[in-house]
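Shared between the two complexes below is chain A, which has chain B as its partner in the first and chain C in the second.
On to the complex of A and B.
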């Protein structure tokens, strides 16, 4: 029966070959190789003896790893929450705008930062937040607040990362929400209006419940990204705030590329996989993703 | 069945996402399998006859500083090496992230005959990783490299391992970092070069408050640095040497000792009074230089070679400028000792998997001769300079390249510069030669550096009392087994 089915849909299987090949070559082979390296005393050249779980033990006993994990959780959850609710609020607000040109212009302006790399966005924010000539501190000065060295103060470091990441991806998530809003059946609004619902009540009782499935997808996708934060921190971190903002991928990068402890870096990256897996399963459970 | 499917799917998704994110490092590590059987030999895997004719022999070089300033000039540069050595040369000079590219290339099994390195800690790590050939026999038997006039004998100590074996050959002369001051501002404000911490404070305060640039605006700072990178010239006042100092076999970090407390307090005072540029924590070298070049700051701590280049840059912009940068000695310590930071050398290594180690060795000799030094400094004849009747003339291209194609200065005392040195450079180099000493970077320094820098910057910027910052440094360094006392 199954063979018959395969024969029947053979063209579909052939079409899958490049994709399966791509993942085998560029994802699963490195994954297996990374696992092998994590079990070795890995040298760039020469013998690479297997050393069991020593690399994993080294990582688990490294205080920098645990600090990086704490930073990842704080910054990741911050970006997850602010990066979810801020664009949702903006999308709901834009949905109430009737002037089409303004709506389109707002979407365009919001979307532009998403198109820029972190090298550009990070550089911009470092400049904006400069204590003596940055735009933010000039504005603070105008309202009588003393300059704040956002990029050098540990108390601000994590919030700068959360804020700039939210700002950068606001437009992208906003467009996803707006796409969800557009697909809501207009007759629901019509029925609500006939029942005398106000604009707020239409948003509260029609838009938000109908948008729930889109929200779940966006939330899950953003959750998957928590442990992958890297570019932003690489560009924006500095030694004064590194202790509070360096995340797990920075730890892996630092061990592997800067300190050439490749076995240790591979072991750390497997912890990242485990954390991501656990977080994903948890999020699916909490959001009842399978009911989408 | 369903939970299993979910779990399996999640693993696949998580794995895919992760390895897309960190693809560079993992892919490169992963693709190294074919290289596992390479076996290092003691003197560079001499698979090639030393007497082989260069004709047709290839030479593949990976360089960070040496080469053309543009991809086009880099090709000309490689051709020039081919012309001089006879080897069919390929010169790869990545535009950025050089250290990462070296590591990626090595771990993916790429075979280079020469790799340029600028960091002793990296050399030590590469020796441990089996990457670097032992070139002791080659250096000691080479008539060029063993000549003390070409490279002073004592300098080789920098490139020796614990067993006294030499693992690299210098690509240029590396100087030292030192306080670099606006001499024209000192003269304008009738100040003399500071020789004590109090005098330095007065000078920096005057730079901040007495409008040295004469634009009528309070827009200047006394001092800026790029993080903790180069404050050796000032920490010298308390006799504190950067990085590790081994005392009676015990690892110490002077910047994390109690003796550093008054120094951090001194910096905090500068911060509080607005004398120290508040961006010093986030500055990099380029930002620091720009502040100095644009009359925003009166003192930086930087390389000797840059004293001349800063003067040249301003002169090119405005031939009538009064701008004059000058290197000054570090502030002497309590016993009168002046501490300066000698930079890690720039050098070539021959990887153990090099396919043409003999060609690499011949190149290393060429690089330290007059022809090699002229190429590394002035650049390509016809492109960067012309030579007529023994007279060198820089082209416009050559002028913009500042006589630096990887070798602004060199060891070989028999090769005289084709042009006069830039203003201020000789004095700065004399200071470097007289006072600068190498720092000790023991294993674990990168972890220790994070701890020291983190708290030192907090103390210097006044975010944390210096005493608490030093106590926190010591506690964390001891907990991580990075210092013994």
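On to the complex of A and C.
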């Protein structure tokens, strides 16, 4: 029976060959290879002796690793919170708009930054935040505030990252929230109106509680992004603020590609993988916790 | 019902609506003004663009920014590379996603569960976290400094496969079965039925893939050092951020940089309003996945 079925579907197996082959070579093998490299004194040429856990020890004793972990946590949590609440507020506010053309146009516009790369968005913001000719400082000057060196001041660096990331992904998360709001059963609103609920009360007692599930999903999805922040920092970091904004992936990148200490970079990557897995399990547990 | 509507037009509601609209308009302005500013700077002369007073309107109108960035800085080369990598990569990616999705809609294929877990595990491996070993793999395969490395990067994604599978599931499976009884093979059913019936799904993942490949940065900075193979994103990054170290520094005035940004985003912004609904659809499908 099984054999007959396999024979009948032989074409399907042939179709799967390139996909399985790709994943073996570019997903599973690199993972195993990464583990191997992390245990080696890996050079691009010549001998690659195994050196046990030395690479991991080096990473754990590297103050830059810990600094980049602190930066990741600070910036990650900042983006997580602002990137969650800001679009939520915007979605609730868009939901109160009755003219559908305005709603559509707002979504169209708000999504644009998400469509663009970090090179473009980061490059634009670096320019807008520049002290002499940047848009932001021109506006600050109008209201009588002295120019701020946003991109050269350690105190501002992390907030610039959080702010620009929130700005970029605003439209994306907003659309997710709006989709959740649209799928709320309209009869709930009718019932609330019958009972004389004001618009504020409808939002407070119908929309927000009904949106809980959507919120959990979005929060979970965004949590997984914390350790993946890279493009943004790669584009926007500079030597003046690097110490406050360079995240774990930047650490891995500069160790592995720029300093060619590949073993150490591979070891650092495994910490990232472990952190991501832990975070995934944790958020899954937390978000499911209330449901049961 | 009408009376209810009328009630909601009380002054409090009206005030709220006005405040709300103003808030949203201001927010939209924070998205529009930056782009207007980029456009105004790009269309100003080199000298004027270095002065701190251009906000919405170009001063000393000129297109020299565009001609310098295109002809003197030769950004057409990275532009071409980006087009090649994006188009080939997207076509292959979507094809493979469709093939995978099609295989997984068959209910009685032995080993299907194993295939699905095999794919799901790849989705849990954070791609960026394996960038060092991926670099080594590409090096061992002699792919460093080739555009092929960029086409191959992310060529198959479990996420796209499962998304395509969802689109295919909407097509009634009985149709495939009856075609099978009529003697059509899997390849034929796949190409003549499924590929034609799931066009909106195809459009959705094609668009998402086009955008993400056009914007691809990590792979391009990892695998490419030869400036002839630079993609637009890498070239733009070099141009707007690292200019101090290059000899052509004197050319890169603000209007040139902004023209570079515009050339990078125009292909996306030109099509975006017409295909926006596919993006909205795709976002929602992506979110419902988890």
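The rule is simple: the second predicted complex is superposed on the first by the 263 of 292 C-alpha atoms of A that agree within 3 Å, B and C clash if a C-alpha of one lies under 4 Å from a C-alpha of the other, contacts with A are read in each partner's own complex, and residues count from 1 in each chain.
Everything below uses one rule, namely that a contact is a pair of C-beta atoms (placed from the backbone, for glycine too) under 8 Å apart; a residue touches a chain by one contact, two chains touch by 3 or more.
Quantities reported herein were computed from a predicted structural model and do not represent experimental measurements.
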Superposition on chain A - do chain B and chain C clash or fit: clash
First (chain B), second (chain C), both or neither touched by A:28: both
Contacts of A:146 with chain B and chain C, given as first, second, both or neither: neither
Chain B versus chain C as contact partner of A:260, first or second or both or neither: first
Of chain C and chain B, partner touching more chain A residues: C
Which superposed partner A:128 touches (first chain B, second chain C, both, neither): second
First, second, both or neither for A:96, with chain B first and chain C second: second
Touching partner for A:117 - first (chain B), second (chain C), both, neither: second
Clash-bearing segment of chain B, relative to chain C, as chosen among 94-102, 112-120, 310-318 or 418-426: 94-102
Doubly contacted chain A residues - partners chain C and chain B: 23, 26-31, 33-34, 37, 44, 126, 132, 227-228, 230, 249, 252-253, 256-257, 262, 265-266, 269, 272-273, 276-277, 280
Sites on chain B touched by chain A in the complex: 6-7, 10-23, 25-27, 29-33, 35-36, 38-40, 99-100, 103, 106-107, 122, 125-126, 128-131, 227-228, 277-279, 281-282, 351-353, 446-447, 450, 453-454, 457-458, 461, 463, 479-480
Parts of chain C lying in touch with chain A, wherever the complex brings them together: 4, 8, 13, 16-17, 20-21, 23-24, 27-28, 30-35, 37-38, 50-53, 55, 96, 99-100, 102-103, 106, 108-111, 115, 118-119, 121-122, 124-126, 128-137, 139, 152, 155-156, 158, 161, 185-187, 190, 211, 214-215, 217-218, 221-222, 233, 236-237, 240-241, 254, 257-258, 261, 264-265, 268-269, 272-273, 276, 279-280, 283-284, 287, 290
List of chain A residues in touch with chain C within their complex: 2, 5-6, 9, 11-12, 15-16, 18-20, 22-23, 25-31, 33-34, 37, 44, 90, 93-94, 96-98, 102, 105-113, 115-120, 123-124, 126-128, 132-133, 135, 138, 167, 171-172, 175-176, 179, 193, 199, 214, 217-218, 220-221, 227-228, 230-231, 234-235, 249, 252-253, 256-257, 262, 265-266, 269-270, 272-273, 276-277, 280
For the chain A and chain B complex, residues of the former touching the latter: 23, 26-31, 33-34, 37, 42-48, 63-64, 126, 130-132, 147, 149, 151-154, 224-225, 227-228, 230, 238-240, 242-243, 249, 252-254, 256-260, 262, 265-266, 269, 272-273, 276-277, 280-281, 284
